[in-house]
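Chain naming follows the written order as A, B, C, D, E and F, and within any one chain the residues start at number 1.
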C-alpha cells in the first residue's frame, strides 16, 4: 500500500488529519442508510401506540442529528465542519420487521460529509436499541452504508443497489 | 404496549431517564460485536504493511475506547457511568474480507453497559471506514449486536449464535 | 463576606471546586421549574397539531435531559455526578400563554443536584425558543428557580410559593 | 400551523436541522439579556469585597463565554458556528437587588446567533446561582430575552422595551 | 518490555483501558506543578494592575478546573472519575519571571488522579499563554510534573526536589 | 498595562473573546514543540519492542490530533475554528532520554492556530505520561513553545533557537 492510497497517514506511516486547505469550497451532500432488525413483536409494540412510537423515533431523530454534529469529535481524523443541514428519515418495514434509517447531510465546505451521515445513522440506530432493549436484546444493527455523495473534486459516488 | 414494557417513557408517554438509584451496585459486564465488510483488495491493502495495518486498527481502537466513554453523551437516555475497563479486539477475516470487532466493557455500578459496548463497536467501525474510504466507499458496517451481558438483577443474557 | 459563606472560594479568594469527599453518599433529589412566555398565537400554533406539538416538546425534553448530563461541563465549579434519574414535564398554560417546565433529578451521591435540575429547565426552555423563533422572537424565559431539594446534611429545602 | 412556519420540521412533521447552505455569508450580531434576582443580603455579600465580587462575576463571565461556544451541542437543531466574538457584561442593580446580564455575539456566517447569545446569558446566570447557592437558594433567573439581532435576510429585530 | 510493565496494553500489545473494578475505593489525592516562563516585561504587565492580573489568573483558574473534569475525554486510556475536589494555586515568581502553577485533585475512587492534576496544570498554563500571547509569543511552559500522590495500593509517591 | 495590549479584556477589564469578524481569511499555520523527559530505562522499554513502541506513540498521536480539535472548548477565549490539517511527529532522543513532540496545524481562517498547536503537543505529552506512568512517575513535560507561525496581518513569527 502506498501512502497516498490511505491518505490518513503521513510519510512515516503515522496517522494525520489530511490537509484540505487547498480544496475548493463547494456544496457537498452525503446520504447514508442503515437498518435495525428486531422481533416482530418489538416492532409491533413500537408502532402500536402513535404517541409512543412517535417518541421512540423522535428521540432517535434528535440523537442522530446531534450525533452528526459530534462526528469530528468521535472519529479521530475527521475535520471539524460547519454542517449546513441534517435530515433523518425512518421507514418502518413490517415485512422484515426492521426500521430503515436514512441520514442526509449537506455542507458548503472543503471536505465531504460521508462520515457525518454514517455517524448520524449509527447514533440513531443505537438510540432505538437503547429505547427498546428492555423488551428485546436481540436487535441487530445492519447494513450501514454510504448511498450517495456529491460535490468536491472526486465527483459523484452512487452506490449500486438492487 | 404498556408503559412498563418500554421503560424509557414516563406516565405521559414522554422520554425520561429511568431511575436506577434503588438498584444494587454490582459488577456488570457487556460484550458486543460487529463487522465491517470491504473489498478483498482493501483488506489486503490494510493488512499488507505491518506498520500501516497496525496504525489503522490502532486508531480505531483508541477511537472505540474513547467512544465508549462518550456513550451517555450520545444516547439521550443513557446514564453517565464510571466505566471500569474497556477492551477492544479486532480479527481480520480474510475469507469473507471483513474485520470482526469485539468490545468488552466492565463496571461496578447500578446499570448495565450494553450501550457502551455497542457504541464502542460502532465508533471503531466508523473509524475504520474513515481511514479507508479514500480507496473504498463501498464498505458496509454490519451485524452490530450484543453477545453477552452479566451482572444486575435481570441476570445473564447470552446471544445464541451458530 | 467571610470565605466560608461563599464556599466556592479558597483562602486566597480564588475559585475552587469544594471538597465533597468527606460527605455521606445519600439519595438526593432536586426539583426546579421555569417558564417560557410567548404570544397567544405562538402557543396556539405549537399546540394545534398533535404531531407537531408533540415534536416541539419532545425535542425540548430530550435536550433538557441531555443538558442535565452536561451540567458539570457547563458550570465551572460543579462536580461530575452519576445522575440516577431525570424526568422533565411540560404543562401548557393557555391562560397566560406560557409553558411551565419542571425538571426532577435524583442521585445517590455526595453532593446535591440543584444545578442539574436548573440546567435541565434552562436547556429545555432555550430549545423551545429555538424551535419557535421563526414565528416569535419575543418569547421570554422566566422564573427559573429551585422548588425543592432533599437529601444531604443541609436537609430539606422547600420554596414557599403561593 | 403550516410546516413552513415552524421550519425546524420536515414534511413528515419530524425535527430536522434546516438547510442554510444557500444563505449569504454576512456579519450577524445578536444581543440577549437576562437577570438573576437574589436577597439584598446576598447581593451585598457578593459586592462587598472587591476581590471576591470580581471572582464570582469573573467565573460567570468565563462560563458564559464557554457556554456560547457549546450552543450547537446543547440545542439540538442549532447549527455549528464559527463564533467571531463574544462579550458579556454584568450590571449590579442594588435597587432591585438583581444582576443584569448582557451577552453579545458576532459572526460572519450563514445563520444568526440569537441562540448563542441567549445561551451565554443562561449559563452565566446559572453559574452565579451555583457560586452563591450556599447562602441563598431562593435566587430566581428571570427575563431571558433577545434584545436585538442584525444581519441576514430577515433584517433587524429590535425588542421594544420601556 | 513485558506487557505487565506498561499495563495500558492487552495481550496483543494493543491499547486498552485497564480494569480497576477490583480495586478498593479509597480517598486518593494528587498534586502536580508546572511553570510558564515569560519576559520580565510580560510578567510586569500581567501583575501591574490588580484588576487585570486578577482576571488573567482567574480565567486560567477556571480553565484549569474545567480541564481537570475533561481529563478522561482527552487522555484516551483514562477512566472517567467522580472528581471530589480541585484547587489550583498560582505563585508569581518575579525573580525568574515565571508563574508557578499547582493543581490538587482529590477523589474517593478506584484509581488515582495524577493525570487529572497534570491536565489541570497544563490547561491553566495554556490559558495564560493564550491570554498574554498578544504581547509575548516567546513564553515557554516548563517542568510539568507530579509532586505527590497518596491513596491506593501503590502507596505514597513523593517527588524528591531540592 | 493598557487594555489594548492584552486584548482578551474588554473596557471594564473583564475577559472577552476578541472580535475577529473583520480579519481576512488567509491560510495560517503554526508549529509548536515540546518534550517529555523520562528515565533512560523507561525510554528503552518504550522503544524496545516495535509493536508496543508503535502503540504508545500511536495512541499519543491520536490523542494529540483530537486534542487540537478540542482547543476552543478547553481554552476559554479561543475561537472555534475549522481546522484544515494536523500533523504530529515524535523524535526519540536516546542521548537525553526524552521524546520530542512537534505539532503542525493549518487553517484557512480569520485567526491563528498557535493555541491549537500548543494544545496538541500538551495532550500528546500527557498521553505519553499516562501510558508509561506505571513504570515511571518521575517523567517531566518540558519546553512547550511556539516555533513558527505564518499567515495573518501580524506576519511571520519564528522563534530563535540555537
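In the analysis below, a contact is a pair of C-beta atoms (placed from the backbone, for glycine too) under 8 Å apart; a residue touches a chain by one contact, two chains touch by 3 or more.
None of these values were measured; they are calculated from a predicted model.
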Set of chains adjacent to subunit C and to subunit E: B, D
Between B-F and D-F, the pair with more C-beta contacts: D-F
Greatest separation from subunit E - chain, by CA centre: A
Inter-chain centre distance, subunit B versus subunit D - centres from mean C-alpha coordinates, in Å: 37
Computed distance of Cα centres, subunit D from subunit C, in Å: 16
Cα-centroid distance, subunit A relative to subunit F, in whole angstrom: 31
For subunit D, residues that touch 2 or more chains besides their own: 14-15, 51, 55, 58-59, 62-63, 66, 70, 73, 76-77, 80-82
All pairs of touching chains, each written as two labels joined by a dash: A-B, A-C, A-D, A-F, B-C, B-E, B-F, C-D, C-E, D-E, D-F, E-F
Residues of subunit A that touch subunit B when the two form their complex: 1, 5-9, 13-15, 34, 45-46, 48-49, 51-52, 55-56, 58-59, 62-63, 66-67, 70, 73-78, 114-115, 118-119, 122-123, 125-127, 129-135, 137-146, 149, 157, 159
Subunit F to subunit D touching residues, read off their complex: 10, 12, 14-21, 72-73, 76-77, 79-82, 109-110
Interfacial residue positions of subunit C with respect to subunit A in the complex: 51, 54-55, 58-59, 62-63, 66
Touching residues (chain side subunit B, partner subunit E) in the complex: 27, 57-58, 61-62, 65-66, 68-70, 80-89, 106-108
